[in-house]
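Heads up, the thing below is written out as structure tokens.
Labels run A, B and C following the written order; every chain starts at residue 1.
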Amino acid sequence: MCISRFCAALGAVALILAAFPVSAFEVEERHFFPAIAGDEVLRIISTADEDAFEPIIRAYQAQNPAVAVDYTIASSTEVMRAIYDEGAAFDLVISSAMDLQTKLANDGFALAYTSAQTETLPDWAIWRDQVFSFTQEPAVLVVSEAFFAEIGVPKNRRDLINLLRRESAWFKGRVGTYDVRTSGLGYLFATQDSRNIESYWRLTELMGGLKSPLYCCSSDMIRDVASGKLAFAYNVLGSYAASRLPETKGFHIVELEDFTSVMLRTVLMPVSVENQSAAHRMIDFLVTMKDRPDLVAASGLPPVDEAALDANTAMRPIRLGPGLLVFLDRLKRDRFLENWENSIVQD
Amino acid sequence: MRFLLIEDNAQLADAVVGRLALDGHAVDHAGTLEAAWAFINAASYDLILLDIMLPDGDGRDFLVDHRKAENRTPVIVITARSEVSDRVGLLDLGADDYITKPFDFSELEARCRAVLRRQGGVAANQKTYEGVVLDSTSGGLTFNGNTEILRNRELRLLEVFFRAPGQVFSKSHLMDRLFSFSDEVSENAIEVYVGRLRKRLDGSDVRIETVRGLGYRMVGKT
Amino acid sequence: MKGLIAKGSIRRRLVLQLGAVAAILSIAFFLVVQVVADRAAQDTQDNIIAAAATAIADALYADRDRVTLELPYSAFSMLGSISQDRVFYRVVERGQTLTGYDDLPISRKGISENTRRFASFTYRGEMVRAVTVVRSVSLRDERRAVTVTVAQTQRGRAVISSRITATATAIAAVFFMVATGLSFWAAQAALRPINRVARSVARRGPNDLRLVVGETPTELVPLVGALNSFIARLRVSLLRSEEFIADAAHRVRTPLATVRAQAELTHRRLNKPEHKKAIREMIRAIDESSRSAGQLLDHAMVTFRTDSLEKTPVDLVGLLAETCDRLAPTAELKDIEILRELPEDPFEIPGDPVLIQSALRNILDNAIKYSPDDSQITVRAFEDDGFWLQVRDQGRGFGDADLGKLSQRFSRGANVADIVGSGLGLTIADEVAGAHFGRLVISKNKKGAGACVSLVFAQP
């Protein structure tokens, strides 16, 4: 894994904050990777950290030296706002929010593309030839080594629930999870859990009873688990956790054996695309990342790999398609969040 | 020889009868099959000349009946039909030979001779002069106990002389007997055959004499 | 066959017509299947979106002072599992959109509870199929009608439809090919009786003028009837022509015979050489004309018989010997000797004995005619790459005449002007040889002067 600051110093020439004159959506970071030779520009709006994506962009530029990459990082809701509401001009939209990506495609904001490379994707990893998955990232349990040194790590949710009930004193305030009201990814994982796991609401209520702190991001949860502040964090993005393992001690990753949601990071080409050719080449590049183990290692993004999923039946990729629209429904979302708040915020 | 001519064409019949009579043959003429049967029942013939198309029947039926009656008299059919169509049939029905109209009398004579020869010798056909016997049918010339078979023209020439011994025959008369109308030969050709006959008769009491300016005649030794 | 122009084939017409019927049926089948398939795909989609709409309507409920809805996940996941189509929905109550796409058109016209209304229209750049259902929700003793509309793009339907179309096309193509093949077979089968009749007629020998009998399909009865009546007429006319030739010969020959006999008689009775010469020339003229007439009639008969050649086993050796017998008296008149060099065993070929004898007689007759007095004619029969019947004379031969032309009609050697002949003799021989797959070979006598004429027959 590339050390982000080091890489940024080497590679990213510009770190531009809020550089879009008329844009209303909120940009977190913007990096410009100049072309090795040539004057094409590929503008990407993405939810992925520059750390993860820089090696990919570099490798892409090695194959496409004429293309400069303008890499804008925003939260998934801001990405949605940029494309859906404001029609911002980008060539590619990369997001971990599968539901929002699906909605963009469903509502006519994406263009279709097929190539020999996209054909290699499994059926579940592609929707309408518009939304292409290129990673598969499970939601995992991140547990503190110190905390679980003496007791066994729960292997499934029933064990987890039993443990929380039994040792509620122990776990009070020491279980972390996403605040689904603010985290799009947290909401996605939570809604999928609610759909797939009978015990989801019981677990949520238990966590509420334990006055669990709520987090915006995976990184904060990992930090607190590693430091021992938290005993474990639930539904942390596995890929992210794995990428922290080498440099952060004190935690390890548990994939629950009853059911593990797998988030698919997706890319789509918005209707506002200007450099279609470069965008096509980037899509081809991303969907064939499985063939580049060096990039997989450097980015920490596990590529779409059907064989890996077949080997572990608990891994369930979240299905692309109109089903994802359900939890985006205003009434449904309100209702869900109401239930969630009732469960977890128990004052 | 005695012929029965069965022919419905009177003119042709007259000519044939007249012509055969010139050679010393006796010919009865029947114009119908009915008349023919009457002749056959009344007399015996050496040879029958039969026309095919007759007013009261078909000559072929006559042939069949003739053979059924086990009458051995040979029959030569004079046919006017196509050469191709019914010759084989005629022979199968019992005819000994046939001749197609119109015919040359020499050929008719030759065929008669051939038919009779096949049939076996007929005594009446032998003539004797001065100890020399000539058999017209077989062509045999016998004297001093020796018999020689004459060639055709020699035979015919000698027959002329035998019919009237001592009579002088002109060269042209003899020519007519010996050569066909289509042959174009000089009168001297006859001398060749006379010469041959003289050689044949050498040693007998008969010789052929040249009568200067008139022709030839056959005389005895005396 | 000259004059018979083969125009149009019944079989081709049958095949084409049956093929056209097959093609029409194939196309009709294809169209029907497509319409049905399209309809079925449409119905399938209608049922699914209707189920989705109903599921949504079922999830409507009154919550405190408002109508609300918990969108059932199954409603949409069901749509998603069928095809990758875009889905739109809108839930409206009293003109207010509760949730969904505000701009999705809905038509409430004519819709009552428990009915549904389907519509197709373009939405967000794509053709969609939409269904609208109405559901009443009781809210504080008041019934509120809520309209639920679900729309879906038609990509899945197009996929199903095109798949069925492909199948229909394949089936129609196979059907067409099979039907075309069967129509070939049917045409063949239908024409089989015609072919059978044609074959049975073609197989017959030329003289086989029996009527065609046996089982005949009703449709062919008029044709076979006409054929039979034609055969009957042909039989009569053939019989007549044979009789005519024979009759003509008779009518020509008998008067000639009379005249000739009279003339010969007269010749004998005349004494003056000039008179005799005149009569002799007359007789020669009679001979010439009778011979010509005879050969013409012979030739006509040969032509007639070769046209309708009827073959029986013929012993060539026996036939040659018999011919020698027949002509021996004629040869004798000129003191010509016929030497026979014949094998003892018969040699048989299938043929017409009358014709072959006629050919042999013409050859031998020629030889006798052109031979000098006191000469010899050698008649041989031998095998040498075929069976040879050879007549060799010591006559004047053919001089410088073109040997190939001698067998042509009325062609005579240049050096025979003084001999009676019509020139048809060798023509007849040649035609007879040809009719028996043999040939006439004319050459000079290798042993001195004279001609050598051979009939050569192939081994049977």
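Convention: contacts are C-beta pairs under 8 Å (C-beta built on N, C-alpha and C of every residue); 3 or more make two chains touch, one makes a residue touch a chain.
Keep in mind that this is a model prediction, so the values were computed, not measured.
Peer 1: Tell me, please, which chain's centre (mean of its C-alpha atoms) is farthest from the centre of chain B?
Peer 2: Centre of mass proxy via C-alpha means gives A as farthest from chain B.
Peer 1: Counting C-beta pairs in contact, pick out the pair of chains that comes out on top.
Peer 2: B-C
Peer 1: Need the CA-centroid distance for the pair chain A / chain B, whole Å please.
Peer 2: So the centre of chain A lies 142 Å away from the centre of chain B.
Peer 1: If you average the CA atoms of chain A and of chain C, how far apart do the two points sit, in angstrom?
Peer 2: Here the centre of chain C sits 80 Å away from the centre of chain A.
Peer 1: Would you mind pulling out the distance in Å between where the CA atoms of chain B average out and where those of chain C do?
Peer 2: 64
Peer 1: Help me check something: in the complex, which residues belonging to chain C touch chain A?
Peer 2: 68-73, 75-77, 79-81, 84-88, 98-101, 124-126, 155
Peer 1: Which of the residues in chain C end up touching chain B in this complex?
Peer 2: Those in contact with chain B are residues 242, 245-246, 249-250, 253-254, 256-262, 264-265, 267-268, 273, 276, 280, 283-284, 286-287, 290, 294, 297-298, 301-302, 305, 326, 328-330, 332-335, 353-355, 357-358, 361, 373, 418-420.
Peer 1: In the complex of these two chains, what residues of chain A are touching chain C?
Peer 2: 105-108, 127-128, 195, 319-323, 325-327, 329-332, 335
Peer 1: Residues of chain B touching chain C in their complex?
Peer 2: Counting only chain B, the residues touching chain C are 9, 11-12, 14-16, 18-19, 22, 53, 78, 80-88, 97, 100-107, 110-111, 113-114, 151-153, 172, 176, 180-184.
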